[in-house]
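Shared between the two complexes below is chain A, which pairs with chain B and chain C, respectively.
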Partner chain A sequence: MSGLFPMTMVQAQTSWRGKVLVGPIDATLEGQGATVIIGPNGSGKTTLLRLMHGTARLTGGEINWACGLEQARHHQGFVFQRPVMLRRSVLDNIAYPLLIRGMAKSRAHAMAADWADRIGLGDALDRPATVLSGGEQQKLAIARALITGPQVLFLDEPTASLDGQAKREIEQILLQERAKGTRLLMSTHDLGQARRLADDVMFLLHGRIHERGNASAFLGRPETHQARAFLKGDIVT
Partner chain B sequence: MSDLWAGLSQAFWLIVGLDQDLLEITLRSLQVTLTALVIASAIALPLAALLAIRRFRWRRSVIAVLNALMGLPPVVVGLVVYILLSRSGPFGVLGLLFTPTAMIIAQVIIIVPLVASIAHQSLRDLWSEYHDLLISMNVTQTQKIRTLLWDARRALLTASLAGFGRAIGEVGAIMIVGGNIDHATRVLTTAIALETGKGAFSLALALGFVLILLTISINLLIHWLGRTEKEGRW
Partner chain C sequence: MKCLAIACFLACLGTTTSARDVMKMAVTTSFHNSGLAEVLLPEIAKDLDIEVQLLVVGTGQAIRLGQSGDVDAILVHARAAEDAFVAQGFGTHRRDIMYNDFVIVGPTDDPARVRNATSASAALNVIAGAQVAFVSRGDDSGTHKKELALWRSAGLDPAGFGVWYKAVGAGMGAALNTTSGLNAYTLADRASWLNFRNKGDLVSLFAGDPDLFNQYGYLPVNPARHNHVRHDLAIQVESWLTSQTAAELINGYKIDGKNLFTFNASP
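Up next is the complex of A and B:
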């Protein structure tokens, strides 16, 4: 892969009005595969993703990308739990990241049309994106994040509140991207999804990485009793 | 009541007969108001977008002042513009007093806060919706403003139409800075004021009906051109 990785977090943390939301975190991420962040509500999964992406303010410690933060931001995409649709057509939504990077409209639209075909929205190019179903909107959001060819894709619970079919289609797209070499960093509540997608897992508790490990090892035999309880479906506080 | 009917009837015949004086002041009303609207929108809409996306120390105060200025008394604006443009004023050398340009300047000052405040409400809501996405995409400030203005264009059309309504019906300021000079600065509202002063109520009412008709027509035309109620939920 390219020069974005390794990415290292050294005592990284973010606070709000004196309260530490996430951190301190010490971790190194290599440039391959899919890392899935799991943990109970309020454990800091979304904030950690934003911190790594650079959209949450780092109030302590360091996050170092091998190529520097600015360069790294240029090669990242972010997909939110609730997809944000621009008040434009499907085609214009997917083409937007290319247009703001200065690509000619005709070329951007051609690429966007290809992506729309790929995610099953080829017949809906001129429809307002806001009237799509939840699953279609999330697929559009993923296509929009991937159209610039990011080396890292952050996904914040991308299939929460979606049904099985939409979830499967989205996972299919993610698996294809992972196979192409896109680094996936994703939070989820869905342990089945973590099993299907993860190469390694971070278990977050109270804003800290409580346990981290290879997916099959962690999901098969977690080391801490909190992780075991979480995987069993018990309430972890 | 008879005055109303007489006014309606006279308005009808003035329009049907394409009265030259009516045509002249109607076109001047449109010219002054639409020019003021274009200039005011060019100032107010980017200003509203900037206030929606930028965080700075006195931002709330600026927004509060802008909202308060929506109620700016037109007569006072007219007086201030008069003083600035009068021969002894700082811009007297430009010779703009009692010209349509002076009327445009006064109208721009009156409607900029109105258009900016209404636009700001829409853009602020849209920005809260777009914020995370545009930040995550590393979008520049200029691109953010352009995106917001384009995606909120229909709401902004409503803001501009509110400005149009205020400007076309304005009389106090333009009477002072324009002088209501026949064949030079007379517009529909100042003509209505003049005819009312002369006791010619039927003609004043007729002009009033023409003004209402013009305002409604322009609004409908802009809505139709802007396809405001089409294309889904935009």
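Up next is the complex of A and C:
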């Protein structure tokens, strides 16, 4: 059980120039498993993740972490759809979050080398990270997010545009992390991935949670016609 | 004092499709927390077809990322360190972009009478005179550097202060939470203060002194030091950040109806 959870959202919303982008959202998240956010393009998946993470500004309502927002921020990681690589080696990229926290270089590099092994980049420690393939960069970004031991990991479409092999490898890493107790909150447009990873699913439509439920129940018997249509592959607006 | 964990993340904001060119820029957490990046970056992508990737770190770390050539430009607020960055050849030049300001917040009943102060230095002097609790970031951030400069201007040295001066070694949100818990005084950047949702009995007591202005500078990394940096993109983005388009977006950005930044780039 994590000290960050439960996390509750009460009428949480974010807006810009008078237009509500996401919300109001009312939901409670407990501290275990993987929650997958699905929905049509433009439904607000990325914005909802960033709102929960605190990198999108809350303009209404509340988001409360059990341990308080500031404490929660120190125990979160975020992996973006398109990872940003520092112009450094694979090893230095993975070690970076530890180094800026003041960890000794030798220890940080040892931990980074261990993580590089775990993600299949153990033979590429000295390679510039910027020349890695898309899948390798994404695995590096996940390792860099996990190396500080976050209790919750946000992932925004982490395997979008990757091939099947890279997707499988990344899902394997995420399943291992989930098994170790890391709370996963991720968005995806890939329903197969949602089936493979999710413990529960949020179906987002027009910036609101249209339906939410246990993954097998939701994916097997969605309650609303919009969710049924989305799962069938119809265009939902 | 042991520093607490430093927030850091590497973000790609505002683009859903791949732009042709990618530029990396290190920015401070206070700038990113203001939300202004989410307004500016999509417009830069639209106007210049440049995707600006942000590395969101503290001021000192942002400068180090520039020194090591990890980024193409930095946008920070620590004038002395910025001037040194250029003087040492790490940056080609420095350009003012905008400023926001700091506010001194404290308890509503204001036991030190900060409300009546005529300057930021005078405000700190009355706090020190009354020896009422004051919370310092104590984390070598831009805000902490500013606070120390203000104490110096007031002719005071925090090293000699008693237990009423509490350096927490933490970010702005944590420092404000401590201030709220202790019903103390602190120095906060306006964006963080406006976004802070646990104000309790705290109110903004003093603002407006030019000494409290917080100037943001843009510094392209010197390609003579790091020939891999995208200096061409950094210059294009500089032109955009100093344009009328940027001026309107920066001056028009508000939280709760209040302006956060004032554009002041020279043409």
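Keep this in mind: the second predicted complex is superposed on the first by the 237 of 237 C-alpha atoms of A that agree within 3 Å, B and C clash if a C-alpha of one lies under 4 Å from a C-alpha of the other, contacts with A are read in each partner's own complex, and residues count from 1 in each chain.
The criterion applied here is as follows: a residue touches a chain if its C-beta (ideal position, glycine included) is under 8 Å from a C-beta of that chain, and two chains touch if they have at least 3 such contacts.
Predicted model, so just to flag it, every value in this text is computed and none were measured.
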| item | value |
| --- | --- |
| Three-chain arrangement built on chain A, chain B and chain C clash or fit | clash |
| Which of chain B and chain C A:Gly68 touches, first, second, both or neither | second |
| First (chain B), second (chain C), both or neither touched by A:Ala56 | second |
| Partner chain(s) touched by A:Phe78 [first = chain B, second = chain C, both, neither] | both |
| First, second, both or neither for A:Gly207, with chain B first and chain C second | neither |
| Partner chain in contact with A:Val131 - chain B first, chain C second, else both or neither | first |
| Dominant toucher of chain A (residue count), chain B or chain C | C |
| Contacts of A:Gly39 with chain B and chain C, given as first, second, both or neither | neither |
| First (chain B), second (chain C), both or neither touched by A:Pro150 | neither |
| Partner chain(s) touched by A:Gly23 [first = chain B, second = chain C, both, neither] | neither |
| Partner chain(s) touched by A:Pro222 [first = chain B, second = chain C, both, neither] | neither |
| Where chain B runs into chain C (options 116-124, 170-178 or 206-214) | 116-124 |
| Chain C-contacting residues of chain A that also contact chain B | 55, 73-74, 78, 80, 84, 86-88, 96-97, 100 |
| Footprint of chain C on chain A - complex, ascending | 16, 55-58, 62, 68-70, 73-74, 78, 80-84, 86-88, 96-97, 100-102, 141, 144, 148 |
| Parts of chain B lying in touch with chain A, wherever the complex brings them together | 126, 129-130, 132-133, 135-140, 143, 147, 151-152, 231-234 |
| In the complex, chain A residues that touch chain B | 53, 55, 73-74, 76-78, 80, 84, 86-88, 96-97, 100, 127-128, 130-131 |
| Chain C to chain A touching residues, read off their complex | 3-12, 18, 24, 32, 35, 38-39, 53-55, 57, 61, 65, 68-70, 170-171, 173-174, 177, 195, 197, 228, 255 |
